[in-house]
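Consider the two complexes below, in which subunit A is the common component and subunit B and subunit C are the respective partners.
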Partner chain A sequence: MIADYIIPSLPLLLVAGTSVVVMLAVAVRRNHSVAFGLTLLGLAASFCSAFFVPVRQLGILLTVDRYGLFFIGLIAAAAMAVAVLAHGYLAEREGNKEEFYILLLVATLGAMVLACSSHFVSLFLGLEVLSIGLYSLIGYLRERPLPVEAGIKYLVLAASSSAFLLFGIALVYADLGTMEFSRIAQLAASGTNLHYDLLLPGVALILTGIGFKLALAPFHMWTPDIYQGAPAPVTAFVATISKGGMFALLLRYFSQSRLDLFSPVLVVFSIIAIASMFAGNLLALFENNVKRILAYSSIAHMGYVLVALEVGGQAGAGAVIFYLVAYFIMTLGAFAVVTVLSPRERDADQIDDYRGLFWRRPWLALGFTAMLLSLAGIPLTVGFFGKFYIIAAGAATGAWALILILVITSTIGLFYYLRVVVALFQKQTETEAAAPTRRRTAPAAALVLSVLTLVLIWLGVFPSPLLRIIQAAIHTLL
Partner chain B sequence: MILLWLIVVLIIGGILAWAVARAIPLLSRWISVVAILLDLALALYLAVQHLNAGPWLAQADWDWIPQFGIHFHLAMDGLSLLLVILTLFIGLLAVFVSWREITTAIGFYHFNILCILAGILGVFLSLDLFLFYFSWELMLVPMYFLILLWGREHRARAAIKFFLFTQISGLLMLIAILALYIAHYRVTGIYTFEYAELLGTPLSPLASMCIMLGFFAAFAVKLPVFPFHTWLPDACAEASTGTNMILAGLLATTAGYGMIRFLFPLFPNATRTFAPIAMILAVIGILYGAFLALSQTNLMRLLAYASISHLGFVLLGIFASNALSVQGAVMTMIAHGISTGALFLIAGLLEARTGSRELDSMSGLWDTVPRLSGVGLFFALASLGLPGMGDFIGEFLVLLGTFRGHLIFAIVAACGVLAAMFYALRFVQRAFHGPNLRQLHLPDLAMREGFVLGVMIVALLWLGFYPQPVFHTFAHAANHLPALWR
Partner chain C sequence: MSGPMEAAFYVAAAVAVVSTLLAISRLVAVHALLYLIVSFLSVAVVFYTMGAPLVATLEVIIYAGAILVLFLFVVMMLNLGTRDRDQERQWFSGAAWLGPAILSAILLAEVIYLIVSGATTGGLSATVGPKEVALALYGPYMIGVELASMLLLGAVVGATHLSKQEARP
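Let's turn to the complex of A and B:
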């Protein structure tokens, strides 16, 4: 029993257990640092355990394989970064701080479950655990109008998208009589008792639900508002962990259910990918709010990953995972800078907040520049190699149209990244320079940002170790 | 191994220069000088030791990203050697020039300069197409910062324009490289970016043409070739002097090098089909650049257009593809790097003294700065192709080579030489001759400035009177670039 079930699910249990421990600790005595420390400890334990636990199928709901463990590790590491950022951020703000970590752990657990689920039931469970954590995280600063508005918006939209997802699952179940991803592939391949008029709408509705979570066009409308309204560390969470967990699930669902055999699905994916790349990059051009720019850019990046997903096969899956890792690093880094710069009363989301940053706080500005250049896909950064991987995978299968669109749209994307970079390096007039706000970066946040920057460049120059790990992970998937 | 050091020394120097700048700004300048000199010594050592060693003077090959068959493969032949030395020479001068001009963020400036130089050396040395692309793009970001941070009034626009032009064309080249990589895989079943193995990959005429155009796009923007040139005058008008020397003098050579090294050997048939179009563009560029240079009032813009005109000869020479014309193109690249670099330097010195880049605000400067004016006249004459200087040899050989097979192009291009006379002399007359209207009293050439320009004069005269070492070194490389000569 222990060896069969408890040990393989240790990464998940540790996170779940930590949330309970933090809750009990808060009940005994409120202390921000204790809650933060326990959270970090739990996440670190979960991260480490992901390296050691044996690979096993847990019932029919969860598959703990190399692939799932890889994403669990990634999510745990990202959650640690978010927790560190949140610690400095919350310390300066009003209200109780400790519950934030409980919610953070719960939402992280949801994302981890998604990464391991190979069944519609666990998919839905993971998704709801993640979403419910997020509703309250987004509206955590409940005295302020923007976060509350964003929280309610997210609640309404996420709930309705869950409804779509559930209905889609029901239709697929009605047709095939199973909710296991691998069984779906078998039944679809055998071709008996198939009613495409039930199955296809079902898959379409499921993709709608997933597309909403990933903020793919045309389901992207919520993204800029939520990104802008949510506290900066929570935005980082929404952008990375929530989407990463969902994409981990989508890749597993896509490859195990052999969705690539349904040609209508591929057509729909192409349309969604192209729409996301264009919508994200074009809409970002008209924004002056850095958080909204990052929101639109994340839509475009999900479009790029979708291109890789559609390419399929070993190369496509590898490109998806590599790009997601790159996306985690650069997005977390970008939001780390936003968090660090945010004054007490609001988030630093206006482009004016960044003007001349290089002349005031050069290291912070250079870190942010590295993140933006990586998002733009410039060499020496992990973002470049991610794009290279996607383009190479696409070229190998001859998906020239998608690649060309990727190249064109990512050049459009350069405009708005460079606009922020130009602002960072603008020379200030003397009156502006005299204005105070000379704040020091909290050491913990500085550490997170420097680690992310170093990893960004390290993986941009030497991607092979990561490539090796990824290849081992997808080995079990395909 | 020395080849790796060539690049690493520059990067370490850049990091050191940046690190010490806050404490001792002057040390940062000297570290850059020492790093470049060290590199120059290494390059000359290679030249002396191995010049007759075989096709490659030196090689270094490591696995880099084995999953994709990417190697860290550096190699140097005569052509790379010439251009590496040119790069380090101009880079050294660019550091000297910035001694007075750059006063803010000194460390970051030198870091960027040294990174660009490292990127350019990477381009000249890489024999793995992925590494080549990587180095190609590595030049981009530091140059963007150089324009953005130390430029003039409209620098942000110019910097973004430069970035976009280069990035779009670079991405087209990346797609082309990948297409070649996949095509090679389909035939042989091996994933590799290795230059030697990709040579002779069988391609259908259409595929070959498309892939070749992808490469050409990147080179055409960087050179720059006529319709893709608009970023250069804008960037030159805004950037600082040292940046301009690299921008107009060195980035163009990377494009010319790319054409000689990759375009012709990899796609011999497609380039031959495409040659007439490229030569038409070259001739248009020669005339168009010259005519626009005639009507510029901003000195930096004038030089940028003049440089577009000269670089037209490089394109013409390469695509005329016979022994004479290609030698001429290489010579033009080198001489142009020096003479245009010197002219930008003089423009920068004039700007530092008169406080303006406008020709209208300079007049009769010969009275007050005779030595500077004399040197200005010298380089203007070099630029219009006076015999005895490197530019003449280069352009003359290009015309001679082109004349053999493409009479019309040679005739039209020769008119460009004529036009060069007008804009070069117009520059001399407007700036140095005439009455000293504003009654300016300016300091003449200082020691360091005089030394730098003196070195450049010597180099240019040497190239003009005794170009044999250059041809000899290049001939050494040309032997294994058979596709160049039909």
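Let's turn to the complex of A and C:
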């Protein structure tokens, strides 16, 4: 029991246990720093345990393999960054602060379960644990209109997308009589008792549910509103951990259920990827709200990753994971800057908030510039190598149309990233210079931002160590 | 599925659709809840006709029973006050109770007919009892049960935070 279940699931148990410990600590005595410290400790323990936990199948629901552990580590690290950002952010705002960390831990657990699940039951439960945490996190500042509106929007849309997902799972189960990813591939390959009129709609509905969570193009309408309305650290969480966990699941589902053998699925993936790349990059062009720009850009980035997923094989899966790591780093960094700059009464989401930032707070502006250039895919940043590996993997299999569209839309995307960068370096007018905006960045947030910037440049110059880890991770997957 | 069971399935499904539509289109919350109860009851009958009596029972006990009675209590408690009695008289005056009553009567007649006629449950090959469900839940799906408990923890903490009344100065 202990060796079979407890030890392999240690990274998950530590996060779940920490949420209970934080809740009990809050019940005894409310203290923001204690709740924050416990959260950070639990996430750090989970992160470390992911390195030495034995690889094992837990029952039929969870597969703790190198691949799952890699994403658990990534999610735990990102959750630590979000917790640090939230600590400074919440300290300046009204209301209770401690519940935030409980909800953060619960939602993080959901994302980790997604990364390990190899069965529809754990897929759905993980998704719901993640979503339930997110509803309350998005509307956490419950006396402000925008977060509450965003929370309700997310609740309605996520609940209906869960219905799509469940119905799809039911159809696949009705056809094949199994909910395990790998059994689906076996049964579909054997071809007996197969009704494509049940299986394909089922897969389509499942992809709808997953596509909603990832904000891929026809299902992306919620993204800008929720990004804008949610508190900045929560937006960082939605953008990275929620989408990362879901993409980890999609890659596992795609490879273990051998969805690449269904040609209609591949056609649908191409359409979704192309639509996401165009929609994200074009919609961002005329936006003046930085959070909404980042929302649209995240739609486009998910489209890029989907191209790599569709290419498939070792190279494709490697490119997916590398791009997701890059996306985590640069998105967390960008939202870290938004969080740090946000004044007490609102989030700093207008492009005017960033005008002339370089002349007021040069280090912050340089960090933001690095993140934006990486999102645009400029060399010497990790974002460049992310796109490079996708294009290399695509070229190897001859997916030229998708690559061409990726290159075209990335070029369009350059425009709106550079628009923000230009604003950062504009000479400020006299009225702005007179405004008393000089605030100090909290040391912890500054540390997170500098670490993210250094990793961004380090991996942008020297990506091979990460590549080796990724190779080992996908070895167990394929 | 064949014969009376199939007919019963379609009748119960129709009642489910009608009562759900009425539930979301009512203007008074209590009236909507009455239709929602009927909706859950009809889904229970649907499960029964599909050959899943255990799920049907759970649907009645948990949804139509526990959860909705809680809803009703809360909705009624929120309206406590001076105009409380008038309001309740208004709620249950006239034809407000008639619709849910008719729909429930249809379901009741259906269940009685099915029991009396001894129609066999179709659809699923074997009837699943409580023991099999319990063994599955605490066997291969144990992690799922644990995850559901974490889901409830998150929901409770979130609901407490979002609905808490701060002491106003």
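The rule is simple: the second predicted complex is superposed on the first by the 478 of 478 C-alpha atoms of A that agree within 3 Å, B and C clash if a C-alpha of one lies under 4 Å from a C-alpha of the other, contacts with A are read in each partner's own complex, and residues count from 1 in each chain.
Please note the rule applied: contacts are C-beta pairs under 8 Å (C-beta built on N, C-alpha and C of every residue); 3 or more make two chains touch, one makes a residue touch a chain.
All figures in this text were calculated on a predicted structure; none of them were measured in a lab.
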First, second, both or neither for A:58, with subunit B first and subunit C second: second
Which superposed partner A:123 touches (first subunit B, second subunit C, both, neither): neither
Touching partner for A:388 - first (subunit B), second (subunit C), both, neither: first
Touching partner for A:379 - first (subunit B), second (subunit C), both, neither: first
First, second, both or neither for A:135, with subunit B first and subunit C second: second
Touching partner for A:336 - first (subunit B), second (subunit C), both, neither: neither
First (subunit B), second (subunit C), both or neither touched by A:468: first
Partner subunit B, residues of subunit A touching it in the complex: 358, 362, 373, 378-380, 384, 388, 391-392, 395-396, 403-404, 407, 410-411, 414-415, 418-419, 421-422, 425-427, 462-464, 467-468, 471
Subunit A contact footprint on subunit C (complex, rising order): 140-144, 146-148, 150-151, 153-155, 157-162, 164, 166
Residue ranges of subunit B in contact with subunit A within the complex: 64-68, 104-105, 108, 133-134, 137-138, 140-141, 144-145, 148-149, 156, 159-160, 163-164, 167-168, 171-172, 174-175, 178-179, 181-182, 185
Subunit A - residues contacting subunit C, complex: 9, 16, 19-20, 23, 58-62, 95-96, 99, 102-103, 106-107, 109-110, 113, 121-122, 125-126, 128-129, 132-133, 135-137, 139-140, 142
